[in-house]
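In this document, chain identifiers A, B, C, D and E correspond to the written order of the chains, with residue numbering beginning at 1 in each.
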Amino acid sequence: MSSIRFDAVSKSFGAGQVKALDDVDLAIADKEFLAIVGPSGCGKTTCLRLAAGFEFPTSGRVLVGNAEVREPGPDRAVVFQQFALFPWKTVVENIELGLRNRNMPREERRIRVMEAVELIGLNGYEGAYPHQLSGGMQQRVAIARAYVLDPQVLLMDEPFGALDAQTRVVMQEELVRLARRNPRTVLFITHGVEEAVYLADRVAIMTRRPGRLKEIVDVKSIREAEGWERYSRIEDVMDLESFVHLRTHIWRSLREEKTGAAH
Amino acid sequence: MSSIRFDAVSKSFGAGQVKALDDVDLAIADKEFLAIVGPSGCGKTTCLRLAAGFEFPTSGRVLVGNAEVREPGPDRAVVFQQFALFPWKTVVENIELGLRNRNMPREERRIRVMEAVELIGLNGYEGAYPHQLSGGMQQRVAIARAYVLDPQVLLMDEPFGALDAQTRVVMQEELVRLARRNPRTVLFITHGVEEAVYLADRVAIMTRRPGRLKEIVDVKSIREAEGWERYSRIEDVMDLESFVHLRTHIWRSLREEKTGAAH
Amino acid sequence: MTGALDPARRMVLGLAGLVGFFGLWALVAASGLVGNAFLPGPLEVAERLVTLLHTSFAGGTLPQHLASSLQRFSAGYLLAAAVGVPLGLLMGRFRLLDDIVSPLFDALRFIAPIAWVPFAALWFGTGFGGPVLIIFSGAFPPCLLNAYRGARQVDPRYIEAAEMLGTPTHRLILEVLLPAATPSIVAGLRIGAGLGWQSLVGAELIVASTGVGYMMVQAQSGVATATVMVGMAAIGLVGVLIDIALRALEARIHNRLERA
Amino acid sequence: MPLGRRSAIGVTTLGLLVLAWFLATGANGLISPGRFPTPADTWTAGLQAMVRGYGDATLVVHVLQSLKLVALGFVVSVAVGVPLGLLMGTSATAEAVLNPVFMLLRPIPPLAWIPLAILWFGLGDTAKIMVIFFAAFVPSVINTQAGVRSIERPLIEAARMLGTPHGRFIREVVVPGAAPMIFTGLRLSLQASWTTLVAAELVGALAGLGHLLNLAQQDLYPGMILVGMICVAIFGALTTALLGLVERRTLTWVRIKGDTE
Amino acid sequence: APARAEGLTKISISYQPSLYWALPFYIAAEKGWWKEVGLDATFVTFPAGAPQVAAAQAGSWDVGGTGSVPAVLGAARFGLVTVGITNDESKTNALMTRADKVAALQKDPSALKGQKLLLTTNSTADYAARNCLAKWGLKSSDMQFVNLGQAQIISAAMANNSDVVGVWAPYTYTLEEKAGAKVLCSGADAGAIVPGALVVRPAFAKEHPDLVAKVAAVYLRAWGWAKAHPKEAHAMTKAFYAVGGVEASDSAIDQEFALRPTFALTEQLRLMDRAKGPSALDGWLGRIGAFMAEVGTIPAAPEAKSYVDDSFMRMVAADPKLKAFATEFDTTN
């Protein structure tokens, strides 16, 4: 059991001047893929950091599994927007750090890491340093670093935000493949509405700051009903009317949020 | 007359090891809005920098108007991806620097700057420093700084790349409004296919490095035939079948480029 | 800002600068505007330098003086690095330690290394301890400060990534903070080497039996200005060499850690 | 971060240190008073310096003289160092010509300049300022140059694209762009001015904290040495704080205050 | 190379380089006399008295020679013991100025009023200078005392040779030869006796009085030898000064021998004899102590009896073998 639950969570920064989250209630089921979209600064990253244990709620509770989150840990692997690979470690060293921290024996570790390298298609790059890889390759290493821990929960904060459009598409397709082969509970933050609809089972829309939940859109039922899985290419899915419809719905909902902003 | 012409332009960097552009022929008509899309590293930025006069071709010629480009100048205003506002100058000071460099009298300058501030809707922020503005507001100032010069040519390198998705949409709509009111010759670089289709008269697709022109897609005729101008909101335009069709066409063309890449 | 120059041109211009400098010096010295005791010409200094390579002055030849200076320098410098870098890293990781050490450090850094001369003599005498303390007090602050800054400025994402991977503290310091702060640490080691080397002359005020600083003081009292300037040149040259060595190290580390 | 906690711990630490000092140098403490002064010795020495004077002047005179010397040395260093840094930062040619000479002169310690300073300028303030100058102008040059180099290329290109003439480019783009680093350089120059004071006042000073320290050293007077050190620390910190104030006033447009030295 | 013979006792000896009174340490080393009394002597040198005395506190050396001012300073601060007189340097602690100004100033010293006086304050030169001013009826506040190290004084005098400076030998000769300066007034002229002191770290004096006596014997022997062999001594002095970085001329060395009386065993005992009240040395050092208290270097002059100790010289005299060793070259005995 590895659900995530936000229980009436509020979060303020800097002696209460900045209220980032206001009374958020949200439950992500075991093995569910939930994406959060919302205006910039609405508190998406804050949600993720609460679940990761980098921050703690001002009031309310965040539960993973059935335990309250008290510190970061390898049961909740994070994939950061800027990859956050250690530049001084090779691909293999980056991936195996978490396993070393668990004191896994060298031989077993090697096997696990090689499996992961295989999975992300980086054979031949085991000894490369991050700066020798393209952005897409780096992000694949970051994902492998998270996956290899076999975590209950994956937390991804705009993992493809730093990639160029074409690479991003490839990564999105790969993530879908991975998620189907090996499903996890995922909390996924993004600005891309298309991305959210393409990847997630449900999409949560947040209001402007202080962030509240505005609406949760169920994608899974439509995806299954319309058989999106038939298409392996994102642009084919994106041409489907059911997809366009969902996307436009979420867009509209977000635009309402936007008009009030001082942008 | 302020056309831009690339005449069999090639460009290599670092003693010829890196060939960025290979024999590019491209003509942008007076008051035309041309967008370039292409894989990362294909030489889009290089094209723009050649037109701006920051770099010079290894072979071939770049002409603006009918003169060869020899140095940067206020007749070819550039809008940079990272805004490149002077952090130590206020909104007004940033906008008026180009006019001061022309020795325009103070009074006339004031009027022109105020018009520009009005145009971008930043009244009340005249004395603010860039860091006090949101990303979208900063990019508007950068655009005003370029517009106020009344340049023959506008060169924009992923001007909205650093903005979040919602803000970007607002800026795209504003740019369209601006371009209709006050048409310019524009060279616009982007990774976003939707953006290119929404904004440009023609979209040029480039091959992977060394960059060549692969295809030029005419958007204007379709836009006018289908009457996209009726809609002021981008998501309405993006739902139109003619739009989706064009976009998917360009997507496919780019994906072919991508598959060969080591990403 | 005007773009990089190609290496050959750079070299020529650099040589031109040096020639100009020495030429001006020679001209002023030869003009007779200042007496020879005040400013001997570069040739005379060079000649003196060659002489001092094999003849003894103030108890040793120039290489001997340099050797004993360098020996003292390395001891004080290595000590400063060995204490400063780990302490700086720990301060970067543990707030409390930072809060305790910083105020002391802020107060002490305005005090010149040579101001420690009397205490150095009273505490450690003149054998090895005294001068080492003085060089230490010159080299220590940049070593500490840069390690500390480097550790503080480590992108928090790296630390968060490590925490998320369940990394224990000792491994976090050794495998995350240390490599991430390395460029800053090396820069600190470079500055520290410069300051430590500069403090040496102060150190050699109390250990007067050998060393370039001692040689200079003795030459000064004998109005052997050329010898004084040989001392300056030797100190300058060795300083440049130390700096070049550390710069090479810096460049190598930068290459290795260069990010995409 | 809560400044209160930090200063509270700082004060506590200093307090504990004084206490440790009392105990260590006390009647049956670890350190004999010949090696390190007791708090009482220091107090007596401080009183003596303030009231009766030491080294032919009272402490106030020493402090004022040193402040004057540091100020002059600092101003001269900055007046030479910043323009030189700007020149070396903006012109690759100037940098190539000047850098080797600069590299060669830089490692020569201020103390080594004393003989030449005396020979060239005698015993007046000029010689002392020269000694300070040689230590203090280096950080100004290096940081200014680095500051110019650190200006982002798009800003420079934006200025060129706007047709900015050279003089205005230096004044309105290069100088403000390099300003944060220039201030770092100034802070280091100021610190160098203070740490060179003792050396500078070896040049026949009649008063000054360095003079006081030199005398106390000659007299083997640990209490007075400590008084001198404490004064240098206090006034060094005060002048740095003042410079920080100027910096904050000047760089109003800087968003994130880089952690100050 | 010093053969590290068995059974030698290590001892650390300190001095300031290129100073006349340190010559016996050098002669003895050259001649191998340290080993003859069973000592393995190592040397530490200092550019000035203050750091030398400070280093004694840290235990960096055991026995040494130094000026009388540092000797009294060390006595006042932590009981440094004076066991003998190295030499009488009253004539070589002097005020100097440009040669052509000397006669006029000697005639009318009041012309000095308001002028700068460059010297190392709280030193023997300072002591001599104040006595000179007193002799001329001037107060020390009539001149502006500028504190400089001896090396800096030389530089300053070169830059502006009309200044009046206070220096000690061999810098007096350097100034004479390189800056055309002449002695205006020496300590001797003003009736100020400036002895040099043979000193011992107090703890060492207590633990190893026998070793102190041996050092004293070696020291006396070397002076005796130097007097008996002036030519050889001259050459050795030249070499010794060169090691310290001073290129002394022949005439400078001749002057050193001429101007600086040294004392054999019997004279040492006589000068330190307290049979009829305070000894001569007590008196000289007492006056220096008073001077130092007056200028504020030390709070009060220490009692001479508390730190001048003639028991070591008497030990030399009492031990026939040691006495014979110490006085072998003496012609006066």
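In this text, a residue touches a chain if its C-beta (ideal position, glycine included) is under 8 Å from a C-beta of that chain, and two chains touch if they have at least 3 such contacts.
The chain list, named the UniProt way, goes like this: A, B = ABC transporter ATP-binding protein; C = ABC transporter permease.
As the structure is a prediction and not an experimental result, all values here were calculated from the model.
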Chains contacting each of subunit A and subunit D, listed by label: B, C
Chains in simultaneous contact with subunit D and subunit E: C
Pair of chains ranked first by number of touching C-beta pairs: C-D
Farthest-lying chain, centroid of Cα atoms versus that of subunit A: E
Label of the chain whose CA centroid is most distant from the centroid of subunit B: E
Gap in Å, rounded to a whole number, between the CA centres of subunit E and subunit A: 83
Distance from subunit C (ABC transporter permease) to subunit A - Cα centre to Cα centre, in angstrom: 49
Euclidean distance of C-alpha centroids - subunit B vs subunit C (ABC transporter permease), Å: 50
Two or more partner chains touched - positions in subunit E: 50-51, 54, 57-58, 149, 151-152, 155, 158-159
Subunit B: positions in contact with at least two other chains: none
In subunit C (ABC transporter permease), residues with contacts to at least two other chains: 37-38, 117-118, 122-123, 205, 220
In contact (per the touch rule at the top): chain pairs: A-B, A-C, B-D, C-D, C-E, D-E
Of all residues in subunit A, those that touch subunit B in their complex: 39-40, 134, 136-137, 164-167, 169-170, 191-193, 233, 235, 238-239, 244, 248, 251-252, 254-255, 257-258, 262-263
Subunit E residues within the subunit C (ABC transporter permease) interface of the complex: 16-18, 43-47, 50-51, 54-55, 57-61, 149-152, 154-155, 158-159, 171, 174, 178-179, 242-247
Subunit C (ABC transporter permease) partner contacts - residues on subunit D that touch it in the complex: 5-6, 9-11, 13-14, 17, 34-36, 89-93, 96-101, 103-113, 115-116, 119-120, 135, 148-149, 151, 156, 174, 191, 194-199, 213, 216-217, 220, 222, 225, 228-229, 232-233, 235-237, 240, 259, 261
In the complex, subunit D residues that touch subunit B: 152, 154-155, 157-165, 168, 172-173, 176-177, 179, 251-255
Contact set on subunit D toward subunit E in their complex: 34-35, 54-56, 114-115, 118-123, 202-206, 211, 214-215, 217-221
